[in-house]
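Naming follows writing order (A, B, C and D), and every chain is counted from residue 1.
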Amino acid sequence: MLRIGMLTSGGDCQALNAAMRGVVKGICSKRKDVEIYGFKDGYKGLIYANFEMLTSKDFSGILTRGGTILGTSRQPFKLMRVPDENGLDKVAAMKHTYHKLSLDCLVILGGNGTHKTANMLREEGLNIITLPKTIDNDLWGTDMTFGFQSAVDIATDTIDRIHTTATSHSRVFIIEVMGHKVGHVTLHAGIAGGADIILLPEIPYDINVIADVIHKRTEAGKPFTILAVAEGAISKEDAKLKKKEYKEKLEKRKYPSIAYELAEQIQKKTDKEVRITVPGHTQRGGSPCPYDRVFSTRVGAAAAQLILDEDYGYMIAMRNGETVKVPLQDVAGKLKYVDPKCSLIKEAKLTGISFGDEL
Amino acid sequence: MLRIGMLTSGGDCQALNAAMRGVVKGICSKRKDVEIYGFKDGYKGLIYANFEMLTSKDFSGILTRGGTILGTSRQPFKLMRVPDENGLDKVAAMKHTYHKLSLDCLVILGGNGTHKTANMLREEGLNIITLPKTIDNDLWGTDMTFGFQSAVDIATDTIDRIHTTATSHSRVFIIEVMGHKVGHVTLHAGIAGGADIILLPEIPYDINVIADVIHKRTEAGKPFTILAVAEGAISKEDAKLKKKEYKEKLEKRKYPSIAYELAEQIQKKTDKEVRITVPGHTQRGGSPCPYDRVFSTRVGAAAAQLILDEDYGYMIAMRNGETVKVPLQDVAGKLKYVDPKCSLIKEAKLTGISFGDEL
Amino acid sequence: MLRIGMLTSGGDCQALNAAMRGVVKGICSKRKDVEIYGFKDGYKGLIYANFEMLTSKDFSGILTRGGTILGTSRQPFKLMRVPDENGLDKVAAMKHTYHKLSLDCLVILGGNGTHKTANMLREEGLNIITLPKTIDNDLWGTDMTFGFQSAVDIATDTIDRIHTTATSHSRVFIIEVMGHKVGHVTLHAGIAGGADIILLPEIPYDINVIADVIHKRTEAGKPFTILAVAEGAISKEDAKLKKKEYKEKLEKRKYPSIAYELAEQIQKKTDKEVRITVPGHTQRGGSPCPYDRVFSTRVGAAAAQLILDEDYGYMIAMRNGETVKVPLQDVAGKLKYVDPKCSLIKEAKLTGISFGDEL
Amino acid sequence: MLRIGMLTSGGDCQALNAAMRGVVKGICSKRKDVEIYGFKDGYKGLIYANFEMLTSKDFSGILTRGGTILGTSRQPFKLMRVPDENGLDKVAAMKHTYHKLSLDCLVILGGNGTHKTANMLREEGLNIITLPKTIDNDLWGTDMTFGFQSAVDIATDTIDRIHTTATSHSRVFIIEVMGHKVGHVTLHAGIAGGADIILLPEIPYDINVIADVIHKRTEAGKPFTILAVAEGAISKEDAKLKKKEYKEKLEKRKYPSIAYELAEQIQKKTDKEVRITVPGHTQRGGSPCPYDRVFSTRVGAAAAQLILDEDYGYMIAMRNGETVKVPLQDVAGKLKYVDPKCSLIKEAKLTGISFGDEL
């Protein structure tokens, strides 16, 4: 008997179900003696042994369904190795569940935080296989994560719609794209949507540069400007602050988010009407795009193969179009940022996109 | 020679181009001696004689294009009959342009404010035909306006995406839908998207009722709630204020919009995480939906027929599936609100949707 | 205890699930003592007492899901009152199931054929409520059926995509739209997609007129032509044949469908390359459009109200924007065709669309 | 003065305009003294010196527009070096146009056939830069071509829609996907759409295997089957024929395409109803997907950089996420097929997809 535990952790995204379907279809095409334990709401389900027994039938027809049939939660991994306020040692609890159910392997789908915990469980001797899930595409060790392209599609669709209305008025439109620490989604959606200005956490902006770009466009007979900004975009001044100082500054900010702050500053400096769009969690919602479905099916199947081979301790990554296994210890705790000097940024700048950093 | 002026005024929306294409194709299929004057940016273009000569070719291929090829602006009609700060009498200026160009007719596409001005121009002796444009569907005298169904589609798509992510978490999601005075878009998108709570300007809400609905859903094993709120939704207390008092209160509000205010109140009363999505101007953007394309082509063609018949002074309306002409004086200055007692509201309530007004 | 049977019959379409959800949510918001019997695969399930007990939970989350959770089939109603080859009297069998389960009412969702059978069951003394389902919008007594607008959206999307490729080449593109007997879908999608020629079963075409339109477009500098044709479009010569003769002719036709026949004829007469697109059953697939969701929720809720009122023997129709009840005997056996003289056709012709009947 | 010629050749696809926009924006951001000659309808425009002078403004706003603003045609490159029936030496004619206009460089966007001609022109001493355009993704030397992901998206959408209707009936659905020689689009769309059987030109099928798969699905309680077939899929018997014999066989075939032939065979062998969908040229139509927009902007910008550097004779390729230049002589005349032993096929088979080649 092969006993597989499975959980999804962190912010949800498209293709979580597709990836799990790939794992289960892959295993069940080779083995009939399989038990699948679906833990509910992320690591919580493992800690409190809250699970459902699932069969391959439960994974049928979910290729196109958004969200996760297992539920998810953001479990603060920091607390894991110290007992919490109720005296619960969470790592011990998870190990206990794993062993009590005699699991052969635990399949974990998640992003950065999730991988730290997954690696910790691996260090504790559990058999772990992980899949790279996040709309942010900020996981180290893989060219791509599932959810990313779907999020880009949605953010681009938002910019597209704004474009038609923008051309009918003489305004600045700000679209706030998800991404607190990294700007991959904003960068790709911004280029795909034909944004004039793209602001990323990795490239601090100068509000005067932004105002200048808008002025120059107006002078050149282009009365509107489309600005795509990542949630975590930061000005050059704020980038000089210490992390703690900046955090305090943010907490005192009167605006709910960066888009509203930029709007006020741009309105002051350019005398243009500014309009804001915050697609928010739509970027995590809906059916995965075909790219993500193929991608997640592939990494799911590759995970299944590893499990059939009893070869544990890896994240399945995509590199140069091929699925590969990457040791968990190499992945955990590392973020993949947008490199301000990468060829994509250079190409974007060459086509006239401003990143707010220079004229 | 037939000389037609044309302008689009007010907030832009989908199908403006489609409607103009219908007018021009309709006229040019019967008459070859036609001159078309496209005034730029709404009434401004008429006031300052800022126009372009267009041919039927300019209207080819624009059936699916969002925005308006003429540009638009929100011209404050109030000032129209008194000279402005530069001594300009705008109504006189518009009449002057009309007569100088020897126009036979002026086709005006717009919403409520636009129709007041259009009627004023009719009273001044100009030949006017108007088309009912607005995403709000709040024009009196017609069952439908173009832009409405497209806006409903986009707002519904937003709620759909939120739905998949909502089911994976235990949260309240607020989607803020366009509509300051009327709630038609929110009502239709809310029902189409399966919202649990719908808040409209026409049905003042009680925050305690909202909290109760969320509690009851949680108790019934539905940990998430989708709330669709119109920009102009109002609480029962605020609905008792005088208009001026309420306006002052709004100006002092620390939130950029109703969604953020509701979020804070719900978070306090239910202890649930709340997430906000503001699709904003996306609701006016992109290609018109097929419904709006057929609708706008029809009213455009019907306008063409009136012009060919030299029968002026009407808005083309849609009533019971047929295009009809409605005297401009009957339309101007009237809004079509959501009737809280209409069968649509009753049917929505019967299926379990709360409007925040009663348990 | 309220015992409701439910079945979906005929070709499937979008919003079947949405409509059933409306019925169930509507009833269950007022009554807790409800049993729902879902018969499988249309009338077959009723004949053979093949059903599932369902609860309101089974209808949760299916608002946006295409297809029907009950399955469907095309049951030949003709045979119903005579025993079949196995000696089975189907009408008697259906009555038997109904009474054995002590049903209070049977809710039937279907199109034209379905309604004949439904009316027969009513005549046999069963309590029947029906809902108007069909992409064809050919049910008599209602302005609209659910599925129609969704099908129009998909067919229009097909034409839209063809449009961009058409403008890059000098070709004739034929899009074959669903509709064997009536042309509503083709008519609306054709107008919405900007088709140059629309061929409907109700307006017999002349191939020479079609060739002329293509020639004239070429001469006017428009090298491509988009032709939307309903499956059941018929030439003027064939329209003169007796029904039986035409049926025989069709059976001998070497082409799989009208599009391929037209392609050959047009290629011969115009020397243009012709390309064919057959969206086929995609027109019945996918999530219902927001219009259909609101519509089906409304008629579902209105059906629920009738059941709560124990007022049986009706189809719920939509007339002038209001849900109304129409006696089943008035609906059964009547088709709603496109009237060649209706204002929609006139408006379409005025904008330059050819229906292949006249120059 | 920098004089750039530009043409698009072969079947059109999405992102042609986006790619040209990338080239022009890239050049014009660095040089102001640029003349752009847009040749009409592919190589024809170059042969007959049929061109338009374009400015950067003409490339503004076309990022999202399908088709090609230059038009295209399939020019038979075979005839190029021998005078045609009118005594025209096409290669000489193209050289003459190039030199007469004193072009510095010719930018050519096209697929396989286009690249053979492009390389021939390079051998004749012309400065050539090419961009990899084709929905088929069959160009050698690049991981990706633009148009491919957009075509996959559309074909997947088709399968998705069929899926919902398939689950409501007990049928086999065949979707015919573009690809006469290579199966990349069918493979990706098949996996993304959850097809049960995928038939590719590169993996000859056995009709008995297909029938077996359908039978086994029926036995396992899955009454429907989705089959995605590439236009050029071939049976094991036909794959043994000589090329010429097979071509003759195809010409005698009574069916318009493979889907109709398969349908008859499957209907005979399984007694199941079969339905066919032929999305056809929709797969080339509509706005490019965000992936293709970023991709085409990147290769466009990279082409611009080469032109600015006066470094000619290359196709811009994408390899491992980076734009690279590949010598034209290495690309011309080579096709990139689906490798039946690649990891993608293995992963697909592991998840239970049949390729009709083995049980």
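Here is the rule we go by: a residue touches a chain if its C-beta (ideal position, glycine included) is under 8 Å from a C-beta of that chain, and two chains touch if they have at least 3 such contacts.
Small disclaimer: the values here were computed from a predicted structure and weren't measured.
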Query raised in the report: In terms of CA centroid distance, which chain is the most far removed from chain C?
Result: A
Query raised in the report: With chain centres defined as C-alpha means, what is the inter-centre distance between chain B and chain D in Å?
Result: 42
Query - Whole-Å gap separating chain A and chain B, where each centre is the average of the chain's CA atoms - result: 35
Requested in this report: Return the distance between the CA-based centres of chain B and chain C, expressed in whole Å.
Outcome: 31
Report summary line: Residues in chain C with touches to at least two other chains are numbered 160, 163, 167, 287
Query raised in the report: Which chain pairs here would you call touching?
Result: A-B, A-D, B-C, C-D
Query raised in the report: In their shared complex, at which residues does chain B touch chain A?
Result: 8, 12, 14, 65-68, 71-73, 154, 158, 160-169, 173, 254-256, 260, 275-287
Requested in this report: In the complex, go through chain B and note every residue touching chain C.
Outcome: 21-22, 25-26, 29-30, 61, 63-64, 143, 149, 152-153, 156, 160, 163, 167, 188-189, 191-194, 287, 289-291, 293-294, 297-298, 300-302, 304-305, 320-323, 343-344, 346-348, 350-352
